[in-house]
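Next up: some structures, all given as structure tokens.
The following pair of complexes shares a single chain, subunit A, combined with subunit B in the former and subunit C in the latter.
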Partner chain A sequence: MTSHSKVRIDLVALFAACTLFLSTIEYMIPKPVPFMRLGLANLPLILSLGIFKNREYFLLLVLKVLGQGLISGTIFSYIILFSLAGSLSSAILMFLTYKLFKDKVSRVGISLTGALGSTITQLIVSRIILFKEATYVIAPLFLISGLITSIILGLFASEFTTKSIWYAQLKEQAV
Partner chain B sequence: MKYSTLRLISGAFIIVGLMLSQSLVLRFCITIFIILLASKSGRKFRILPNIILLVTISLAHTLSPNGLVLFSIGSYSITLGSLEIGANKALLLISFIYASHYMMSARPQIPGKLGAIISLQFYYFDRLTTKWHQIENKKPLIGAIDQLLMNINENEDGQKEMPKQSRYVEKKDVLVHILHISVIFSLVLLFTDQAKSMIPFIALLP
Partner chain C sequence: MKKVTPVDIIIFIIFLSICIISFTLYTNVSGKPEVHVTIDDKEWVYDLSEDTTASFTGPIGDTTIEISNNRVHVHSSDCKNQICVTSGWIDEPGEWISCLPNDVFILIKGQQQIAQKEETDDISF
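Up next, the complex of A and B:
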């Protein structure tokens, strides 16, 4: 393994650890529906855009889903399907948004796209598997909470990318 | 087999046992056991932060009322079910943090690129949970996060932490780890429906 490859592995692992850490914080916050997500663990994914290579980004996504399942104890239950579907659609949408628009879209925009993708996918999965018609009752709560948290997350990501010295150094290395 | 690998495998079994525990009392017992194991492997244990975590999460969950109303403050009801859910979650978190330290303190090297990433992920998770409390001034937040991330590989003395060379396993080590796993799974078995029907006292526990 070359030293460059070691550095990349180290970086992916650090971001993955951050998703695990943020999943832990998210797990502490009470939610009205068990599989509802605030999306805190999406922050490392948003920040990794522009730093990670495509496969590193998707590897981070897999580690994030597994970490969330492990922390919340849902790794062996059907609830991980919601997490997987939501995370996958959200990550793909954020990735495509960033690749298509690069600096023309802010981190808030990327975060909002991700939240929208995640919420709609989770509602579809919920409609098919769990709540059937009752999904329409929880839909507004999901959409509104997703909107609010993703804006806050996006604003923080935006602030972090402009103010963090650590992040600036990473970005420099990536370029 | 390296000692660190044995610790990793043992920790993985312990986490499975933890996932299987649903009862509050059982989870409490497993948490205490995991804290003991982690303390033995070098993790500092401070009771106050853990109590604060337990109380805060339990109280936060009272926002979603569930089950028997214990008492009310105006229109705000404190329910037994929500307190139990909160305490259960807090115990799961505490034990997971200590279990990850127990697994990673010997710095195991899982083979392959993915293995290396996973073992480093848990190592960094342990560093994050340990060092987060050490940052005294968390304002400004971004500065504090920077400080944490830039010094993540440093130990408490500010020295860069180097990967440890793990020794090879002896027969005694295997027996000790089997004993650890047996304790966890015996506790889990003690709280199964069959055991509850034989020992009615356990059925009364939350």
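Up next, the complex of A and C:
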């Protein structure tokens, strides 16, 4: 195994630290419904597509889930199921979207898929374990807020990927 | 990388349509009253405005419900204490009849007609 195929642990750690930081920021912002989220912590995942290898990407995903659980203090409660299911499905969907369309899809599209995946999965989880029938009532609110925040996040990510010199360097390294 | 691509727009449209579908789901729940009969984890749904009778087989026998004039009751049941039959007619969303021995649960779901139900409070008036 050459050094090139190894996981660039320092880079993953940097992105994971970003996730932790953004989770903290998100945790501080008051929300009308506890499970509604801005998805700020999704940003490093969105950005890492295209510069990370597959295994690095999924390592970042695991760190994100653990980090979020740690920050919000829900790591040993059932609420982690929401975060786990949401993160997993959104990350896998974003990954597949990127692999399928490559440069045909922008960060906005990736962000939208991620939000869609995570929202729907969380609704299904909440339908099963928490709200039962009442899930129908909160579904539109969840979906609309996810739509809006993910577009803003995606626009920011696409700005970042085109403007940042640091990001461009990382992308060159990846190729 | 271009800013917004056709694929983005397709994803956006899918997302938006799911949002809209979720709204129609919401209005369906709060639409016209439906009679939900749950027995053994299975559920039957009847329109409260359609007159009908239906029979369900539970662990100890048959339970027959009757819907007429926008209300529903248990017409007959094979259970011993007949509480479900003596519960009488129900017609408001949120009301229910249960037959525990035969594991039958009847619930009316739909929009609560709050405006009609609200009566002036004597004290506050």
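Worth pointing out:
We adopt the following convention: the second predicted complex is superposed on the first by the 168 of 175 C-alpha atoms of A that agree within 3 Å, B and C clash if a C-alpha of one lies under 4 Å from a C-alpha of the other, contacts with A are read in each partner's own complex, and residues count from 1 in each chain.
We take it that a residue touches a chain if its C-beta (ideal position, glycine included) is under 8 Å from a C-beta of that chain, and two chains touch if they have at least 3 such contacts.
Nothing here was measured: the structure is a model prediction, and the numbers come from that model.
Partners subunit B and subunit C fit side by side in the overlay (superposition on subunit A).
After overlaying the two complexes on the shared chain, residue contacts for A:M28 are found with subunit B alone; subunit C is out of touch. In the superposition on chain A, contact of A:R55 is made with neither subunit B nor subunit C.
Judged by the touch definition given at the top, the superposed model places A:W166 against subunit B, while subunit C stays out of reach.
Note on subunit A: of its two partners subunit C and subunit B, the one contacting more of its residues is B. When the two structures are aligned on the shared chain, A:K104 is found in touch with subunit C, with no touch to subunit B. With both structures placed on the common chain, the touch criterion links A:A16 to subunit B but leaves subunit C unconnected. Put simply, the nearest alpha carbons of subunit B and subunit C end up 17 Å apart when the two models share chain A.
On subunit A, the patch touched by subunit B and the patch touched by subunit C do not overlap at any residue. Interface residues of subunit A, counted against subunit C in their complex, comprise 97, 101, 103-109, 112-113, 115-116, 120, 133, 136-137, 139-140, 143-144, 147, 151, 158, 161-162. Across the complex, subunit A is touched by residues 1-8, 11-12, 14-16, 18-19, 22-23, 25-26, 29 of subunit C. By the touch criterion stated above, subunit A contacts subunit B in their complex at residues 1, 9-10, 12-14, 16-18, 20-21, 24, 27-32, 59, 63, 67, 70-71, 73, 75-76, 159-160, 163-167.
Chain contact summary for the complex, subunit B toward subunit A: residues 15, 19, 53, 56-57, 60-61, 63-64, 82, 86, 89-90, 92-93, 96-97, 113-114, 116-118, 120-125, 127-129, 132, 142, 145-146, 149-150, 152.
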